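Below, each structure is written out as C-alpha cells.
Each of the next two complexes has chain A plus one more chain, namely chain B in the first and chain C in the second.
And now, the complex of A and B:
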C-alpha cells in the first residue's frame, strides 16, 4: 500500500515535470531546468555523503570540469550534444579518480580538507589558464549544434532543452538509484555506519570509497555538461568552493537519508532563491536562517520530515 | 520587483500630477524596462549611480507624457558581476517580469557571456557601462547596442595621451578579467603604432577583481624600470588601490600614471583629497566637458536630486532610457525586434552631445574624456580635471572592418 501511494506520487510528479512547458509560465522552464541539473549534482554528491558518509568540500571540481569540457568541445570541435556529455563524464571521472585516489585514504575532517584543497587547485587552474579557459571570464559564445543519434532537436529552444535535461536526468537518476540499491550500495551504507566492521569482513573499504567517489564525480560531470549549454557560459564560479557547498545544502535541505532528498532540496533551494531575490538582495541571510532551523528541528530534511509526518497520519 | 524608495516617490508624484491634469488617459499598462547592474559587493556604487541616472530619466519622461502615451516602469536585478547570474536574471526579467527592453551591464566579463544570448530573448539591450570591444565586435548581434565608450575607443585616446609624454617604458596594473587584459592589449597596440620606440614591458600586473590588497603590485611597479603605467583598476578596487598607493609613496615617484576610469565621480567622491593631483584621469563622460542644453539640464537636475556630480555611469544609463524613448516612438511599438531595428543608425541628443549608434556594429560614437587631476572643486567635493581633452568619438573608434562585426 505504502509503495503504491509513493509510486503514484512519483508518477504524478514526473507527469507534472513533463508538462511544465505547457502549464507553467515561460520563465519556469528555466527554473525547472536548473532544479533538475542541480538536483542531479546534489544526488551525485549524496552518493558519497548520505550513503558512504564522506563529506566532500570539493564536489564542484567535477561539476565545473564537466561544464568546461562541454564548452570546450562545443567551441573547438562542435561535436553533437551527447558526445559532449560523454566527454564531460569522462573528464570528471578521470579527475575524480586522481583526487579520489589521494583523498579517500583519509577520514572525516582530513578528507573534507583535502577535497577542499583539490577543489581550490582546480579552481585556480581554471581561473589562471587564460589561453584555454579564458580566465575569470569563463568560456562563452558557443552555439548548440545537433543532439546526436540522428535526432532532430532544436536544443537552443528552452522547452526542448528542458525536456532533454529531464530525460537525461531521469535516466541518470535511475542508474544512480540502482547503484544505491545494489549490493555495492549496501556496502557503502555499511561503510558509513561502521567501516571497521566492513573491513573485518574482508572488504577493501578504500577501494569501495574510491569507486563511490569516481561514480559521484562522473555524475557531477554529467550535471556540469548539462549546465554549460543552459547558462551559455562555463565560468570559474562553477568550480569555486562556494559551489561545492550547494550540493551539501541541497542534500541537507531535502534529506540525506532518501534518494530523492537532494532533488527536493534542489527544488526548494532554487525556488526560494528565485522568490526571495525578487524582494531582497540578502537571500543568503534568509537561506542561512532556513538551514539553521532545518538542522536544529528537522534533521531528516524536507522529504524525511514529510514522510515521517505522513507515516504519523497513517497511524 | 526592486524599486528604490526615491523611485516610488517619483512615481507617486508623477501619478498625482497626471491625475491632476484630467483628460489624459493612461489605461494601458506601463512600459517595463529591465535594469541589470551590480547592486552588491565592492562595485555596487556603480549600480546605484546607474539607478540614479535612470530614475531621473524615467521621472522626466513620465512627467511629460511617457513613451507612446504609456508610463515607464523599471525593474532591477542584481548581476553580481557574474555572467551566469546575469544571464539567468535577464531571462527572469524578460519571461517573468515581461520587460520590453533591457539596459545595464557593468562588467566586461558579464557582457561577453550575456550578449550572445540576446537574440534568443528577442529584446533589445543597451549596454551603458561594460566596455569590452567584443560585444560590438566579433560577438555583435542585431539586439545589442552600447551607448558608452568602449575599451578600443578609450585606449586609442589613452595612447594619444601617452604618446605626448616622455615615458617610453610602459606597464599596466589592471583587474584580472577581460577588461584589464583588453585595456592593456589595445593600449599597447595603439601606442606602438603612434610611437614605435616605446617599450611595452612584459612584466604586467593583474590583481584579482575585488582583491583587497594591491600593495604587492604597487611595489612591483615601483621597483621596476617603468616610466609610465596604465591603471585600469576601477570601482571600489580603485579607491583601495589609491589609498594604498598613497601610503607607499607611489605618486611621488617620477611616473606617468594613467587611470583609465579614474575620473569616475563615484571614485572621486569616495577619495576626495586622497586622489593625488597631476595624474592622468579618464572617464567615459565628464560632467563639465559638454556645453549643451541637454547636459546643463541633466547636471542641474542630478545635483538637485542627489547632491553629487553625475558619473559617467549615471549619464550612460540616463541616455539609454531616452534612446529607448526615441526608438519606441520611431518604431511606434515596444516589440523587441522592431525597437532593436529602430536603434540602428539612430541619433539622439544626450548630455555628451549628439550620440549615434553606428549601423555597422551598434557602438555609439561617443567621446572619451581625458584630463589631469587638479585642485578640489569648491562645491562638489571632488578633484577637478585640468587640460581636459574631449576626443572625437568617430576618430578614436575602430573601423567596422577592424571590429570584426558582421551585421
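And now, the complex of A and C:
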C-alpha cells in the first residue's frame, strides 16, 4: 500500500517535471533547469557523504572542472554537446582520482580539511592561469552546436535545453541509484557505519572510498558540464568553496539518508534562494542559519522528517 | 645575500603569525575533538573589530590588541553555549557542518556590517618605520610581529607545561571522562578552551590587520593556510603547529620572492608532498582511517 502511494507520487512528480515547459513561464523553466542540475550535483555528493560517510568540502572542484571542460571544448573544438559532457566527466574523474588518492586514506577530520584545501587549490589555478581559464572573468561566449547522436535539437531554446537536462539527469540519477543499490553501494553503507569491521571482513576500505569518491566526482563533472551552457559562463565562482557548500546544504536540507533527498533539497534550496534574494542580499547569512538549525534540530532533513511523520500517522 | 635575509625575516613573521592562528585550531581540536571551520572567520572578526576600535573609535593600536580578542572570545563563549553544546555528543560530521554554518553566518555578517570593500589599519606610530637588519631594511612592524609571536610561543609552552590550568587542559584532551572523574569541570574547560582558541585567532587577526588589507575573504584564506599548517605539522601536535607554520612561512617568504608565478600553488604542493610520505603530518601520530 505504502509503496504504491509512493510510486504514484513519484510518477506524478515525473509527469509534472516533463510538463514544466508547456505550463510554466520562462522564469520557472530556468528555475527547474537549475534545480535538476544542482540536484544531480548534490546527489553525487551524497554518494560519498550520505552513503559512505565522508564529508567533503571540496566537491565544487569537480563541478567546476566539468563546466570549464565543456566551455573549453565548445570554444576550441566545437564538438557536439554529448561529447563535451563526456570530456567533462573524464576531466572530473581524473581530478577526483588525484585528490581522492591523497585524501581518502586519512580519517574524517583530515578528509574534510584536505578536500577543502585541494578544492581551493583548483580555484586558485582557475583564478591565476589566465591564458587558459581567462582568470576571474571566466570563459564565456561559447555557443552550443549540435547535441550528438544525430538528434536534431535546438539547444539554445530553454524549453529544449530543459528537456535535455531532464533526460540526462534522469539517466544519471538512475545509474547512481543502481550503484547505491548494488552490493558495492551496500559496502559503502557498511563503511559509513563501521569501517573497521568492513576492513576485518577482508575488504580494502581505502579502495572502496576512492572508487566512491571518483564516481561522485564524475557525476559532479557531468552536472558541471550541464551548468556551463545554462549559465553561459564557466567562472571561478563555480569552483569556490561556497559552491562546495551548496550540495552539502541541499543534501542536509533534503535528507542524507534517502536517495531522492538531495533532489528535494535542491528544489527547496533554489526556490528559497529565489524567494529570499528578492528581499535581502544576505542569502549566505540565511543559508548559514538554516544549515545550523537543520544540523541541530532536523538532522534527517525534510524528506526524513516527512517520512517519519507519515509513518507515525499511518501506523 | 640581503635578499635572502629579507626573505628569511619575512618568512618568520608570516610563519609566527600563522602559528598563533593554527595553534588555536589545534588546541580546540585537541580538547573538543572538533575542527573549527569558523576559526578563520574569528580571525577576520578580530581584525575588523580592531579596525573599528582604531579607525572609528579612535583608540590606540595597543588598546585594540587587548580589547578586540577579548570581544571575539566572548562571542566564542556565546557560540559554544548556544550552538555547539548540541553537537558535542554527536558524530564528528555534525560539528564540521555546524562550524561551517557559523563560518557562513560570520562571513556574511562581516560583509553586511563593514561592506565588501577593502579597509586599511595603520600600524602604531612607534612601529611604522623600518630598521636596518641583516643588510636590508625591514619594517619595524614585522619585527614586532616576530617578537609577539615568540612571546606567545613561550607563553603557551609555559601554560601547557608549567601551570595547573595547562595541565587541566591536557588532561581533558587526553581523556575527558577520566578528567571529570577527578573533579575537573570539563564543561567549563570545553567552553574555556573554545574561547581561548578564538582569542588566539583574534590576536592573529589584530596583528595581521596593519600588514594586510582587510576584506571579507581574509578569513577564508587564513583557514585554508591553517589547515595546510596542521596537515603538514600533524593535527593536535603543538611542535607540529610551529614546524608547519614555519615551513609554510618559508614557502611564502621565498616562494613569493623567487617563484612569483606559481606562488599560490606552492603551499598545496608542499602539503601534497607531506601527505605522500608522512600522511599523519611530520609530527602527527595515528590519524589513518
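The rule is short, and it goes like this: the second predicted complex is superposed on the first by the 315 of 315 C-alpha atoms of A that agree within 3 Å, B and C clash if a C-alpha of one lies under 4 Å from a C-alpha of the other, contacts with A are read in each partner's own complex, and residues count from 1 in each chain.
Throughout what follows, a contact is a pair of C-beta atoms (placed from the backbone, for glycine too) under 8 Å apart; a residue touches a chain by one contact, two chains touch by 3 or more.
This is a predicted model, so every value here is computed, not measured.
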First (chain B), second (chain C), both or neither touched by A:16: neither
Touched partner set for A:167, first chain B, second chain C, both or neither: neither
Partner chain in contact with A:252 - chain B first, chain C second, else both or neither: second
Contacts of A:238 with chain B and chain C, given as first, second, both or neither: first
Partner chain in contact with A:136 - chain B first, chain C second, else both or neither: first
Touched chain A residues, chain B compared with chain C: C
Interface residues of chain A shared between complexes with chain B and chain C: none
Chain C residues touching chain A - in the complex, by the definition given at the top: 29, 35, 37, 83, 86-87, 92-94, 96-98, 100-105, 107-109, 111-112, 220, 224, 227-228, 230-231, 235, 264-265, 268, 271-272, 275-276, 279-280, 287-289
In the complex, chain A residues that touch chain B: 25-27, 30, 34, 130, 135-138, 140-141, 156, 158, 231-233, 235, 237-238, 274, 277-279, 281
Chain B residues touching chain A - in the complex, by the definition given at the top: 1-2, 39-40, 77-78, 82-84, 87-88, 91-92, 95-96, 108-109, 112-113, 116-117, 120, 139, 176-178, 181, 208-209
Of chain A, residues touching chain C in the complex: 49, 53, 55, 57, 102, 104-114, 116-118, 120-121, 124-125, 127-128, 195, 205-206, 209, 241, 245, 248, 252, 282-285, 287-289, 291-292, 295-296, 299
